[in-house]
Amino acid sequence: MFRNQYDTDVVTWSPQGRIHQVEYAMEAVKQGSTAVALKSNTHVVLATLNRADSELTSSLQKIFKVDDHLGIAASGLISDGRSLCKFMRSECLNHRYVYESAMPVTRLVREVADNAQVCTQRSWKRPYGVGLLVAGHDKSGPRLFYCCPSGNYYEYLAHAIGGRSQAARTYLERKHEEYPDASLDGLIGHALQALSASLAEGELTATSCNIAYVGRDQDFKELDEASLQPYIQALRDAEGGDGGGGADGAAPMES
Amino acid sequence: MAAPPLQLHTPASIGPASGPGDIKSRPAWSPYDDNGGTCVAVAGSDYCIVAASTRLSTGFSILTRDCSKLFQISEQVYIASAGFQADIRALQKMLQTRNVMYQHIHRKPMSASALAQLLGNNLYYKRFFPYFTWNLCVGLDPEGKGSVYTYDPVGSFERVGYSCQGSGKDLIQPVLDNQLKAASPLVLPSENWMTALPLEQAQDLVRDAFVSAGERDIYTGDCVEILTITTGGVHRETLDLKKD
Amino acid sequence: MFKAALHSGSGKPRRRATVSSPHKPAGRKLLEWRGRIDQHFGYGSSEASRSLYLEDGGQYAALLQAELEQPVSLGTTIIAASYAGGVVLGADSRTTTGNYIANRVTDKITPLAENVYICRSGSAADTQAISAYVQWFLQQHAVDLDRHVSVKTAAKLAQTMVYQNKNMLQAGLIIAGWDKQGGGSVHTVPLGGTLLQVPYSIGGSGSAYITGLCDKLWRPHMTQQECHEFVVKAVTHAMARDGSSGGCIRTVTISKDGVKRDFLPHTRVPIAYGEMQQPMSVGA
Amino acid sequence: MFAKAPSHSTALGPGCAGPPLANPQQLSSAQASAHERGSHQPSCGAAPFAVDASMLRSTGSQPHKHTQSPYVTGSSVLAITYAGGVMLASDTLASYGSTKRYKSVQRLVKVNDSTVLGAGGEISDLQFILNMLDDLKTEDYCADDGQSLSSQELYSYLSRVMYNRRNKMDPLWNSLIIAGLEGGKPFLGSVNMIGVAFSDDHLATGFGNHLARPLFRKRHRPDMSEEEATALIREALEVCYYRDKQSINKFQIAKVTASEGVSISEPFALPTKWEYKAFVDPTRNAVGVW
Amino acid sequence: MSGIGTGYDLSVSTFSPDGRVFQTAYAQKAVDNGGTVVGIRCKDGVVLGVEKPVASKMLVGGSNRSTYPINQQTGMGIAGVSADGRQIVNRAMQEATQYKGFYGEVIPGYVLSERIASYVHLFNLYWYVRPFGAALLMASYDSEGPQLYLIEPGGTAHRYFGTAIGKGRQSAKTDIEKLKLTELSCRQGVVEVAKILHTVHDEEKPFELELAWICDESNKEFKRVPADLAAEAEQQAKAALDEDMDS
């Protein structure tokens, strides 16, 4: 029934020096739908897939605004993501109350990760079952982090998490030289390309994905369906043109 | 305030034993100060004007000539506050924080009426160690009509058509009453109290009111900031007042 | 941490006569007063003092009470000065309760650690309590460090206690000593809990009379002997003018070579302007 | 509408740190008792509202803290902006009542590479504040992300600290000036013991608010050169030395500029003028004058 | 290890019949599997070097730090699970701040190392927690001079002239022993550390070198080794490696 006797709680090391529960929690991230993030020298873009389980339900919100300069995309147990989001919001608000400035992204991410670590070391807790892509912009420029249930965090130029994200990562890696100098529209185009690469079936529509971005002089903003449509259209055009060969035909300017 | 008598030497300083811990010479302190300032708000049927002087004073001293007493809470909702500046700042920051939380939850900015109630609650929450602030909460209601809420420091508030708060209140309020008073409040509900004056005339009235208050109230002066809120947006103008 | 410790009482008897609060019922006040008479004079039964209180409608007793309710205080002259290689601390030996000299041979220079001493002024009880706590903390600290504590640390500990309890304490302290890192150093902690390192410092009621003298006499890089003479001279002149200071002069010299205590009995304190040399006492 | 008697030091006005004048002005009995109750008389003429001070006292064994008062105090701090920088000045005296007790206390302190703090009022409270700022600085150092608190952030932080302590009825008895460069532009902010915080092109705490600021108002321009700024500051210091009994002729000037960062001068003395003929013999040609 | 399957190795609060606490040993295993961390005490300071595997080329270079300042005078390098290590770093920062606030002086290296060891040890005592899967090399420079300490998951703290932890520790230690640490300056030490880490890392997997030091040259403050010096050290290390290969 059990794979081994060391994998039922977070306070037991396996003889190999591993915590199986933490590794399982990281599997939970893969149960979620794909979330993609990438950054240029000025902006960070977040993109998520929506899997509405039926026509009758709304899709789950996976992108959360934390503060004007910062937002997250979650994959895995979204409810865990929401409680982390709540924590991040209150940290940012506190920072704003005391210093009247935006909280540095690195420091917030570290606090979140430290929080996550504690859940991997107490018998009465379980690790968070959610991966967070954190997109922010502060004095140091645009920043993109991935926070993992293990309490580790990594800074990325571009990254994708969630189920079937490998295809998205492959796309992101293939094109990564283009990102630093890309325009916001270009970035969004790349994000959608990556996202659509991870699709199992069907194609991307304005209802099946979400896009949000933040950058220099640009507060964190989630695109609504209508403003997403032109980007989807551009994606279709590009795919029709050269069979998914990148976002060279950048999306039209948002009106 | 009479000047203290001239001293060739200080009696207290002769006795070496009397250090600064001498009870009689201990300076008392009060947690409050009055930094003055005047705020005016006028509601019209399709606009709302809010204005405040920018002088910050203490006693007979001017601390700075440029300290805004208007504070934007959300796109079209402002508060204007006179009184103790530290309390004003605390109140503003608290409301700002609450507005962000409200937006996270409700995904829309706070309305003037929502803020009005929140402000009232928070003032009363400190009933026994009050914020020493005289506030106006100003914005447009859902129909686009100007709405002005006026407060006392401990949280009693009501919606009115116009109001004045702060050190110049005694000078300006009667003028507003004279110029703007509409039908009896007994007859009309308060959301219909707004003045019939066209925008330009109302703005002129506010300017005149501040110029006059600046003449006679030492706590009102330097500059007045006038915001006009309409559905089209917020227009800001400043008008210099006497700097003496 | 200090705070909690202080409030819970040290277990040491606090010698400060309780300043009765206006809220206390009169009966209790009287009891306290009787207790104090016994304590301070060592005579006078409770019955006697009770009748005293009743006879003149309480007037005499009220006066006496006012006198005795003065905290036992080190109306004092204390000083510490640095020289090339160390420090010299000095103090008079008078402790008063109002006008009554409660102790004429007090030792106001208390060791905090092997290499750090403190000069106390203000309420005797408060400064004793502070010193006791600092001693305790430094003992622990020395074990942790496995070497001598630094003078700065000792001063910081005393400072924290004075600062955090400034409303309740009457304590003006001078902390001086020698350590490897900083050599000889003098730190002063006046009433509000400020901490300053200074070349020399004077404190207590007597210090007001000798500020100018010390400003004039103190020089940097004195020898140990010069510094010692400076300290004794300063305390002598303070005792000559301050009624709250008097008795003998105690000094402590701290350098890398260790600690040396000296005692100058009243009879050998130099005579100041306007005073008279006492006759040689029998047997001296 | 009418100025009310200041509630704090009669010399320095409400919220200003420092001991009273030699002979503190007696409040009228009505005012005095009003203060005891903690009530407040609004200057706008509206009805006063009362705060029952006993309501504010925390219950239980907590000591009452609101009786504290300053012991070792520093006097004015002056500050002005100029083209490309800010300049602060103060003397180095820490008084003990009216005793000029410690004459080498630095009251201008470098907080980080872009900010200087100038402080008047209780020195022990200043040391407490500096310890807090030191911890913040270490936090920045440990984050190791190249970011440190800007002067405006520190100003905001200190205004919260001061206001929170006044809310606890246990104020930090200081007037602070925070100066630095914010995005290359000069920034000056002032916070007092009850949390009143504001920013201006020129600032002065304590007596300086009466003595130096009129001079600043007349002469200060934001585009002054460094030489002009130095001259103005020195003149203001001279005035403060002539007319503030709690000052000595031993000053420091601190600067923050984009090119040099923070620099604080060694203490120096100013030349002062006392040899006017009328000073030597004030009663000549004016018989009957004292 | 003989603990597997016996049931004596499931909790940190269980001794095995032969008197061992297997959970602590397993936690140590996590450290031993991690990237190599090297620390040496030179004549004028301490150098820490960390070998960081780079999992993806999309990672931002220089991110995912493994060395952390504790205060200006102390720093740590993490080996093993870095999330665990960060908790210890945080605790160290608190201890340092608290000590400074209380005693008014910077916490001496050995006092901090002992306090940290006690903290780490706490997680070896109760069934409801697990030991940290991280070991830390701590570099400090106080009035007693520069020092290097190693704190391990079991709650031990030792002072070293030079040591290594992590996957390549054995051969790294052998290399360190060849160094004349009493004559080596930190500037030279940086190169040696880079050489050792490059030698130890024999796989083809990409990795990043993180170098930090505290020495007279860094103004007795714990800092990352300046980029130009780090690059130069790495270059020299690679050159030396190639030479070895050739010969």
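A, B, C, D and E label the chains in the order they appear, each numbered from 1.
We adopt the following convention: a contact is a pair of C-beta atoms (placed from the backbone, for glycine too) under 8 Å apart; a residue touches a chain by one contact, two chains touch by 3 or more.
The chain list, named the UniProt way, goes like this: A = Proteasome subunit alpha type; B, D = Proteasome subunit beta; C = proteasome endopeptidase complex; E = Proteasome subunit alpha type-3.
These numbers come from a predicted model, not from an experiment.
Colleague: Using the touch definition from the top, how many steps at minimum link chain B to chain D?
Modeller: The least step count works out to 1.
Colleague: Please identify the chain lying most centrally, where each chain is represented by the average of its Cα atoms.
Modeller: That would be chain D.
Colleague: Which two chains does the highest number of contacting C-beta pairs join?
Modeller: By number of C-beta pairs in contact, the leading chain pair is B-D.
Colleague: So how far apart, in whole Å, are chain B and chain E when each is placed at the average of its C-alpha atoms?
Modeller: 58
Colleague: Express in whole angstrom the distance between the two chain centres, defined as the mean CA positions of chain C and chain D.
Modeller: 34
Colleague: Approximately how many whole Å separate the CA-defined centres of chain A and chain B?
Modeller: 44
Colleague: Indicate the residues of chain C shared as contacts by at least two other chains.
Modeller: 159, 191, 195, 208
Colleague: Could you list which residues of chain E touch at least two other chains?
Modeller: Where chain E is concerned, no single residue meets two or more other chains.
Colleague: Mind pulling the residue numbers of chain A that touch at least two other chains?
Modeller: Answer for chain A, listing residues that touch two or more other chains: 97, 110.
Colleague: Residue numbers of chain E touching chain D in their complex, please.
Modeller: It is residues 65, 68-72, 93, 96-97, 100-101, 224 of chain E that touch chain D.
Colleague: Provide the residue numbers of chain D that touch chain A in the complex, in ascending order.
Modeller: Chain D residues touching chain A: 143, 145-147, 149-150, 152-153, 156-157, 160.
Colleague: In their complex, what parts of chain E are in touch with chain C?
Modeller: Counting only chain E, the residues touching chain C are 102-105, 108, 111, 143.
Colleague: Please output the residues of chain B touching chain A within their complex, sorted ascending.
Modeller: Touching chain A from chain B are residues 93, 97, 100-101, 104.
Colleague: Contact residues on chain D for chain B in the complex?
Modeller: Residue positions touching the partner: 1, 3-11, 13-15, 18-25, 35, 38, 40, 42-46, 49, 51-52, 55-56, 66-67, 69-71, 73, 96-99, 159, 163, 166-167, 169, 171, 173, 190, 193-200, 209-210.
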